[in-house]
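We call the chains A, B, C and D, going by the order they appear; numbering starts again at 1 in every chain.
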Amino acid sequence: MAVVHLQADHRRFTNGQNVITVEGNTVGALIDELEHRYPGLGHLLTDGASVAINGELIPNGIFERVEASTEVHFIAPIAGG
Amino acid sequence: MTVATKPRPYKYVGTRPVRHDGLEKVTGKARFAADLNMTAQLHGAFVRSPHAHARIISIDTSKAEAMPGVKAVVTGADFPNLDIKHPEFDTAVNIMARDEALYNGHAVAAVAALSAKQAKAAAAAVEVHYEALPAVLTIEEALADDAPIANFKNRTLFTKDTEPSNLASINQFDRGDIAAGFAQADIIVEREFTTTAVHQGYIEPHACVADCGQDGKVTIWASSQGHFAVRSKTADSLGWSTDRIKVIPAEIGGGFGGKTTIYLEPVAALLSQKAARPVKLVMTREEVLRATGPAPATKIHAKLGATTDGTLTTLASTMYFDNGSTKGYSALTGAMSVASYKLPNLELHAIGTVTNTPRSAAYRAPSAPQAAFAVETLIDEIAQHLNLDPIELRLKNAVVEGDLTAMGVPHPKIGFVETLEAIKNSDHYNSPIPKGAGRGVATGFWFNIGEQSSATVNLNEDGTAAVITGSPDIGGSRASMALMAAEELGLAVDRITPIVADTESVGFTDITEGSRATFATGMAVVNACRELISELQQRAATIRGVDIEQVEWVDGTAQIEGQDPLSIAEITALAKKTGGPLTATASLNAAGAGPSFAVHVADVAVDEETGVAKILRYTAAQDAGTAIHPSYVEGQIQGGSVQGIGWALNEEYIYDSNGEMENASFLDYRMPVASDLPMIDPIIVEVPNPSHPYGVRGVGETGIVPPIPTLANAIADACGVRMTALPMSPPRLLAALNQRNGN
Amino acid sequence: MQRTHVNCTVNGDQVDFLATDDTSLLNALRDELGLISVKEGCGTGDCGACTIVVDDKINCACLMFAPEAEGLTITTVEGMALGEQLHPLQQTFLEGAALQCGVCTPGFLVAAKALLDRNPDPTETEIRYALAGNLCRCTGYDKIIRATQEAAVQMQTSKQRGAST
Amino acid sequence: MKYLAPTTVDEALEVLRGDPTSQVFAGATDLIPQIRAGRPEPAVLIDLKRIKRLVGLNHNNAKWVVGAATPTSTITANEAFIAAFPGLTEASGLIGSDQIQNRSSWGGNLCNASPAADSVPALIANNAYVVVASNSGERTVKVADVVVAPGRTSLRADEFVVEFLLDDPPPHSADAYLRLIPRTEMDIAVVGAAAAVTLQGNQIAKARIVLGAVAPTFVRVHEAEAALTGQTINDNTLAAVAQAARCAANPIDDKRGTIEYRRQVAGVLAKRAVILAAQRAQGAS
């Protein structure tokens, strides 16, 4: 269980909701659950997003453990030059 | 000048030793990719599309193959067709066109011959039958209702669309309520900004040598920002397994993001395989400009509201970034880079377009300078209207730890306020503005990234050390690695040799990009050193016959109470008898990259009769976290500033109506020369990044973000015209002055 | 293809090579004599990365045909140090961090030396104009200008010291 | 391609006679980039720099004879020349970087026939002539009559420029050359303006004003000269000069500048060049 923050881009999948409480013990499980509830969203979160947990960008997010109070942000990928 | 939040506790970190690779570079011995030659080497040349958009009906290579000295010819047919969803699909297509040429200059075939001249002649003899297709060259043309499709393989990112379109990506970021925010504002400014494509302008053209053996394995010598990425992208483009490719990093002659992708290596590998001889490919400057990644052209509409006390309430912006021939993230990162102010209400639309121009590539803080041009100009106008000091206005709204970025994540510990104050307190900002000139201020921000890095530290028998990483050194990072290792081990920096190793001699390491090398690879070096120190303590315990708990590591020596300390050299001398060689390796996927903020101030004089803007004085402050080697931190700040100055004043891509670049030379693609500039005074601000052992933030990118609005704001102050189109070249500036004068 | 036998003096050595007539001197120096410090950044004389000294004057090697070198005296950065003793400019470039990627460095050193040989005490503006034919994209020129100023001071000082002893 | 380096004018002419598609060159600073850009390669390259007569400056009997292949850096280092022709010195010194200056020559700058050549407006303003050699002998031509169109000269295929002739300027005379480029160096003129004036007291007795880069060839601005002659330098005459220069300009839009810009700046630079030349003439003997 965690509090997931989605970007505006993701909201077209979630009927406009941008903060969603989701079941799951890892970020990967959250994505699976979101895909189950909102088909198509999971793909976007896996391939086209970075993950921040409680405000810190986590490079390899999917195996990261989450708890009920964990704030998970899915944000756009960042690169550099 | 350095402004630190607290005194520096380090012995080596923060000093300015001569870089380890410097001697080779001042004596002319350093080997860049074009400097390497193999026995029996062939030279390659490309055939490039003369059309901005065309269907390739057929390619006849028979005449070329029959020409003297020609040993191999390749076309798109020799490369595998990747699935359209493959992450490197666009890279592969850009390297060699298949059925569709996407821009003037797109490679359609390549030749290898005994001499470069023979290769060039043979390339000219390759017969390509094109069917010219309608092309789109600008953002406006791409967006037009009846626009032709620029790239039939393009699908819009972040949508469910499956049909080809001229949109590369569509994103939106928002928070608060912009309608309410604007209603609350006492002053609203709104403008449209345009910028043209600009090139990274590295002085070394792309080059590589590939040598494919009879076993099908290829060794590639490449100048790149990341040789592991060269390996993976080459493997993907060719459909080869990774173990068939070894990439040896040559010295790299500048990259600035432009050498994070590849253009030559798979072609060289395939030519080498066909010819069974090493093949060298070197681009001409014209090819570099016509066929390698520029930074995107943009069109940005922005609207900013504030209350009379200078509180920014609302920003609404629609940003179009042109990706060139294939999709990319440019619009997204541009929009996300608007993150320096609290701004309770925000709505950003970020739209990438696809056109028949060269595929854009990353360029130092990719897409942030264009976005900053818009937002920092509007902030300046608000300060001007409200008669507020531009620094004070920014201080009032500056983000601090916990405030949200544009994408909604809270900022970690950052040094924006400290950087603003550094300029506010600077001699430059407190000096009178020279008569007849204007002064401009602007800020910039870049996220910085972590990613994967590896490092191995070997202690030699005599106690000297080799620090081996996989991060190509483009601005002095080897010296930084050695400094951090010196600090950890307590070993003089000149007893440490930093090495950039090939893809088979060090663990996987991501590209030197996103200001990450000193941060992430530095962290790997520190971790390896710390592991090595535990081992040294263990060896010292063995030598002295005590428990490891009794051994402390202090200032490069093992200290045991009541005994003489043991130096590293004394321990390594006995390595054979205490367990063998002393070496340690660390790999990581670094978290906790710290954003870096910059604030620039410039004094500019404008010749109102000719529209020539001259920079009289320039000062650039930036938060480095901790400056490991301050000289090279200053160098990054100064270099970024001048690239931004070039972008602001004179650099631009000029296409004719057929999409051919008209100014594909250093004569007409006008990068700044020494006489165009004053000294660039750097101020290093140090607000350490708590997520790095030495507080490093990464400094490579942010410096290019503020110059454009800094100069635009200075020009506005000097002569009252708001420049909203780049470059602010003499013809554009004079036209604006004429308009001001009512002519 | 016409080839010419070219005899010239390069970095103090009498050398000879065969060059196809339309080969640039840049290519001949690199390919025939192995002088890899002479870099091709543009091939059109606009970046100065191939700056060399030809009979006491700086030229872009890319703008010369190789046979033109017949009988001439050429110096590249490979010939700038005296044995192990770096030229003061090489030393101040190193110490002043006046290079980042280093690909333009040989051209800058050759051009800066030519300036100081002709004008031992140049102003900042004179240095900037003298080096305007050399592009650097990494440094913003600041540290290059400062390193050149510093070398000028050092060379003046050591000359005075030499004169007084 | 074949490279030849004759040591006399006659030898060079002989090669030219044998193959009129041969290309004479001095610095090759334009030729090599043009060949790289795809211009047809000449069969024979004739290097003129080994011909003694073509390299060097001579000042005798109030006349200057300057070899067509003399590096511009040699010209701009000659103290007597600088004193006599400060504007022509400026113009010659603007042709590229120091590296280019050691190769570029008046002969090359003129025969490349670009309307943006820096030295040519100043040469025309100083009423320079060239000596042209051919197999039928030598002839003297006004520099102003050499360039007939972009990339095209009035010289025949078997001719080449041997030397430039300039008279010492009359007393109370001076010249100036100004150009506009977006950078401070390493650019081709977007607009160039040369002025040579002779003063009589406070009045302009004679003026020559020539523009570069604003028309297919160099433009002598007779109206501006007329507006100055017999007048003092004042706001009215300067405004007339600027107006005449704007009208005389017939520029194109290209990657280096717009029509509007070139026209307007032609006026500005013509005016400034006149001011500078007059100031110098006041100080001149």
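Simple rule for what comes next: a contact is a pair of C-beta atoms (placed from the backbone, for glycine too) under 8 Å apart; a residue touches a chain by one contact, two chains touch by 3 or more.
Because the structure is a prediction, the values reported are computed rather than measured.
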Give the chains in contact with both chain B and chain D, ordered by label. C
Per CA centroids, the chain at the heart of the structure shown is B
How far is the middle of chain A from the middle of chain B, if each middle is the mean of its Cα atoms, in Å? 27
Averaging only over C-alpha atoms, locate the centres of chain A and chain D and give their separation in whole Å. 68
Give the residues of chain A touching no fewer than two other chains, as numbers and ranges. none
Two or more partner chains touched - positions in chain C: 43-44, 46, 129, 132-134
Tell me, which residues of chain B touch at least two other chains? 200, 256, 284, 665-667, 672-673, 675
Just say which it is for the chain contacts: an open line, a closed ring, a star, complete, or other. other
All touching chain pairs, where touch follows the definition stated at the start: A-B, B-C, B-D, C-D
Can you tell me which positions in chain C touch chain D when the two form their complex? 2, 4, 21-22, 24, 43-46, 48, 51, 54, 57-60, 62-65, 67-68, 70, 111, 114-115, 129-130, 132-134
Taking the touch rule as given, give the residues of chain B at its contact with chain C in the complex, in rising order. 16, 18-19, 21-32, 34-35, 37, 117, 200-205, 251-256, 282, 284-285, 474-476, 629, 631-632, 634-635, 638-643, 665-667, 671-675, 677, 679-680
The residues of chain D that touch chain C in their complex are 1-3, 5, 27-29, 32-33, 35-36, 41, 45, 47, 49, 71, 73, 96-100, 102-103, 184-186
Across the complex, what residues on chain B touch chain A? 157-158, 160, 170-174, 200, 256-258, 260, 329, 332-333, 336, 362-366, 407-410, 412, 446-452, 513-516, 589-593, 691, 700-701
Mind listing the chain D positions that touch chain B in their complex? 33, 36-37, 180, 182-188, 190, 254-258, 260-261, 264-265, 268-269
